[in-house]
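Each of the next two complexes has chain A plus one more chain, namely chain B in the first and chain C in the second.
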Partner chain A sequence: MIEPALRFAGVGKSYGSARILEDLDLEIAEGEFFVLLGPSGCGKTTLLRMTAGLQTIDRGEIYLRGAPLSPIPPERRNIAMVFQDYALYPHMTVYGNMAFGLRRHGHDKTETDARVRRTAALLGIEPLLDRRPHQISGGQQQRVALGRAIARDPVLYLMDEPLSNLDAQVRASVRTEIKELQRRLGVTTLYVTHDQVEAMTLGDRMAVLNDGAIQQAGRPIDIYREPANEFVARFLATPRLNLLEGTLEHSNGSIVVRTPVGAFAWTQPPRSLPATAKVRVGMRPEEIKISFDVAAAGASLPIRLIETLGSQVLVFADFDGGELTVSIPADAMPHDAQRIAIVPSGSIVHVFDHAGGAALGHFVAGGEG
Partner chain B sequence: MTSARPYLYLAPTLAVLAAFTYFPLARLAELSLHAPGIGTSLGPWIGFSAYSTLFANPLFWRVAGQTLLYVFASVPIAMAVALALALLLDQPLRGVGVFRVLYYTPVVMPTVAVAALALWMFNANGGIIDYLLHAIGIGPVPWLVDGAWALPTLMIVAVWKNVGYYMIIYLAGLQSLPRAVLDAARLDGARPIARFFTITLPLLRPTTFFLAVVALIGSFQVFDFVNLMTQGGPSNATNVLVYFAYQNGFEYVQLGMAAAISLVMFAMVLMILGALAWAFNR
Partner chain C sequence: MIRRCASYAVLVAGLIPLLLPFYWMALTSLKPKREVFTAVPQWWPAHPAWDNYRSAWVAEPFAGFFFNSIVVTASIVALQLALASLAAFALSRFEFRGRSLIFWIIVAALIVPVQITFIANFMTLAHLGLLNTYAALVAPYAASAFGTFLLRQAFAAVPRQLEDAARLDGCSGLAFLWHVLLPLSRPTVLAFALVAVVTHWNDYFWPLIVTNNNAVRTLPIGLGMFVGQEVTTDWNLLMAASIFVSAPMLLLFFLMQRYFVQSQLRTGIRG
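Up next is the complex of A and B:
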């Protein structure tokens, strides 16, 4: 078995009696871009800081290339971290910021200079080398922070929400840049964010955290397609997941999932479905098929509000007991629409256990049963 | 008239400063240029003769030298000790609040009480300091009775009294340092001592500058401990500029001379602060 670059073995953390990280296990492969995704307070930053050595590990152990990390102080871990607020040394120039770690790690002047200049060229920040952090923009500061990490050529990058202090446009471009850089350099990266778009676009794999526990880990697209539970489904939905009360009706081998907005045929349900009839049904706005041909459909929902996002349109429709959000391409939206009809066939349905929220199955609905 | 408004708001402060600082300063200058008069009236104009008399007096040079020695020895020592204490008390220790209070206690003690305490502790006849030093085989030290020891003794007392105040300011400075920057330095491989000299100390620069200014001005004006403990003695060994001005003004009733000494000292403080500001803003 190949030793993973980074391995969390039963790693846990408590503050007093409050367990902020359940004992968790996770393996990250060499060269992998791994994203920890979760809401604030879920423990993802704690996990990152424990890996860096800035916080102690209460239970379990973290292994970097097979070696336990807890006996090694952060100064000697050969890990570089990019901080949310950049944490540049304000009294040093950009050059000084990038050279600092190199000099501390015993590189001589010539080697340090060569590495700083090579990294600056890679990031396109050569003209800034003599500036101080407060003399350059936020995007440039973030690039310097990345440069400081890259110049050191560590075995692991830790990134703590590095994009969250940037405005939207800069964020998107730096995001692409980070992905490209990581591909090129091939250095194992652990990246923390609360932004699902960052997680989806950046991660080779990711783990969704909540309440100090891993909810699901895997490839982003797999997690998106088959969320393990209601929380993961909710967290990976924009603008929000439609959650409906539903019932399961078994009829000759297939199942019909009845909801207040329609009935969805589950043609190949798993054998192991529990006998309970009551379930919760999750549908993402972009996974619901609708029609404006209300006359042809049996039932329809009145449109309450329409939000135009550009290429997409969000339609908010009322049903008995709630509101349904549907996302459709803007050119599919007739401007005089008053009502929508749900088209079950082709809609994607996630079925969750009514009590625990664990996923019971995911399916593309067939024709109405 | 919006452009006049800010000046309008500044006016009250300027008026108070003018009445209680600039006007007295001008009167002081005027006083130093006139012979002594009766009451508050001025005597005849004597030009700069008070200054030439002052500069010809070897005692003035000795007093000025002792003042500078006092300032430039006690201020750096007090600040260094304060910073060391602040670094210790910035640690997450159990009961750290108690220690902060303990180190701050001398600051809130009345100067008279501190002086009385110091006189007792440094007493040549069985003072507790000599007693303790004797236990480890040192002394007795002629603290306040020997010309060579008296000024250093005053410095020790002043450092002891002021260090808590500087410590609190440094502690506030330390606690407002960006933690992430220090974390970044750790991950960059900087060990504690390197971290202190490359990150902490440079980032504390504004605090250090503020403290240096406050401490320099404060210790230039040392008077209380001299007046309460030594009266400038033995044989002027602890005489400093403010005490010298006080002697001239109120013991020898040479108000013009006292004014001249005050203004010379004022000029010295201004020059030193100018040099300090230049050094820190380079």
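Up next is the complex of A and C:
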């Protein structure tokens, strides 16, 4: 078996009696771009800081290429970190910022100079080398912070929400840049964010964290398609997940999921499905099929509000007991629409346990049941 | 234009009472003795007596006093900076029991007038047999509550992420203090050092009570020697001596003034 680049074995952290991190296990392969996704306070930054050695591990151990990390002080772990606030030394030039760690790690002037210049060329920041951090833009500062990490040539990059202080446009371009750089350099990367778009676009694999525990780990697209529980489904929905009360009705081998907005036919339900009748039903705005031909449909919902995002339109419609959010392409939106009808066939439905929130199954609804 | 002239007029009006004593000092230092007290104030030295400076310099052992003042002031300021940085480093970046208590004791020490410590310090030095030494002049001022307080505030303003970044760069503990905290707090360090230099260069009372020997006496005491010999104070010589005693401080202010103007802490963090 190939030793993973980074392995968390029963890693836990507590502050007093509060458990910040449950004992968690995770393996990250060599060269992998791994994203930790979760809301603030879920413990993802703590996990990152423990890997860097900036915080102690209370339980378990972290292994870097098979070697336990806890006996090694942070500066000797051969790990580089990129911070949310860039954390550049304000009194040093860009060159000084990139050279400082190299010099402290015992590289001589010639070697340091060569590495700084090579990295600056890679990132296209050569013209900035003599500037100070406050003289360059936020995007450039974050590029320098990346450069500082790259110049160190570590075996692992840790990135703590490196994009969250950037403007939307700059963020998108630096995001692409990070992805390309990581591909090119092939260095294992552990990336922390609360932004699902970053997680989906950057991660080879990702783990969703909540309350100090891993909710689900895997490829982003798999997690998106088959969220393990209600929390993961809610976290990977924009702008929000529609959660409906539902009931399961068995009828000769297939199941009908009845909700306040319609009935969805589950043609191939898993055999292990519990006999419970009450469930919770999750549908993302983009997973609901609708029609504006309300005369043909049996039931329809009044439109309360329409938000135009450009290529997409968000339709907010009322139903008995709540509000439904649906996302459709802008060109599919008639001007004078007053009501929408839900089209069950083709809609994607996630069924969750009513009590615990664990996923019972995911399906594309068949024709009306 | 009129507004501009008006504001300059106000500034000049304010400047006159500030500069007048200095002018009078310089003026008197150049007057022959008989012109010092004239019935009608004389605003220009009719017969500049440059010789006053030479006479003042040799009237008392000023070369020795100069040397002593430099040694004492430099020692005090160096010790204050060293101790205050270390204490401020501990108080701002380390977690330990009693940290805030210690900090508040230091803040409380700022309220205590220095004169209250004179008798106790004098007795201690006398018992240790250290009167009439440099140690007597330096030791009581080696630690500065004010400096510790100022530097703690400056260090505490340096973001945590910068410390984390430095640790990963292989720069923790005292290296972090030296390479990151102190350079980032340079405006504060310089402002404090300047105040300390001026305070201890000009200090008169403490050196007066712990020394009675010209070998260790400092400049302000040398100045004091011109006064008080009955009514025969040589004002022109006293003023000449005052000029060369205060000249280093004036020079220091001119050299350092740009740091006052552009003293701001750039944190290097977005904002």
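The criterion applied here is as follows: the second predicted complex is superposed on the first by the 369 of 369 C-alpha atoms of A that agree within 3 Å, B and C clash if a C-alpha of one lies under 4 Å from a C-alpha of the other, contacts with A are read in each partner's own complex, and residues count from 1 in each chain.
Here is the rule we use: contacts are C-beta pairs under 8 Å (C-beta built on N, C-alpha and C of every residue); 3 or more make two chains touch, one makes a residue touch a chain.
Bear in mind the structure is a predicted one, so any value in this text is a computation, not a measurement.
Q: Will chain C clash with chain B on chain A after the two structures are superposed, or do they fit?
A: Overlaying the two structures gives a clash between chain B and chain C.
Q: Examine A:105 and indicate which partner it touches, taking first as chain B and second as chain C; both and neither are also allowed.
A: In the superposed model, A:105 contacts both chain B and chain C.
Q: Please work out whether A:219 is in contact with chain B alone, chain C alone, both, or neither, and reply first, second, both or neither.
A: A:219 sits against neither chain B nor chain C.
Q: Looking at the overlay, what does A:240 touch: chain B (first), chain C (second), both, or neither?
A: After superposing on A, A:240 lies clear of both chain B and chain C.
Q: Could you look at A:54 and tell me whether it touches chain B, chain C, both or neither (first, second, both, neither)?
A: A:54 contacts both chain B and chain C.
Q: After lining up the shared chain so the two structures overlap, which partner does A:134 touch, if you call chain B first and chain C second: first, second, both or neither?
A: second
Q: Go through the superposed model and pick first if A:90 touches only chain B, second if only chain C, both, or neither.
A: Both partners, chain B and chain C.
Q: May I ask you to decide whether A:74 touches chain B, chain C, both, or neither, giving the answer as first, second, both or neither?
A: It touches chain B and chain C both.
Q: Who does A:184 touch here: chain B (first), chain C (second), both, or neither?
A: A:184 sits against neither chain B nor chain C.
Q: So chain A touches chain B in one structure and chain C in the other; where do those two contact lists coincide?
A: On chain A, the overlap between the chain B and chain C contacts is residues 52-54, 73-76, 79-81, 83-85, 87-91, 100-101, 104-105, 148.
Q: Which bits of chain A are touching chain B when the two form their complex?
A: That would be residues 52-54, 73-77, 79-81, 83-85, 87-91, 100-101, 104-105, 148, 152 of chain A.
Q: Note which residues of chain B are touching chain A in the complex, please.
A: Going through chain B, the ones touching chain A are 178, 180-181, 183-191, 194, 198-199, 202-203, 205.
Q: So in the complex, the part of chain C that touches chain A is made up of which residues?
A: Touch residues, chain C against chain A: 159, 161-162, 164-172, 175, 179-180, 183-184, 186, 266-270.
Q: Which residues of chain A touch chain C in their complex?
A: Per the touch definition, chain A meets chain C at residues 49, 52-54, 73-76, 79-81, 83-91, 100-101, 104-105, 132-134, 138, 141, 148, 165.
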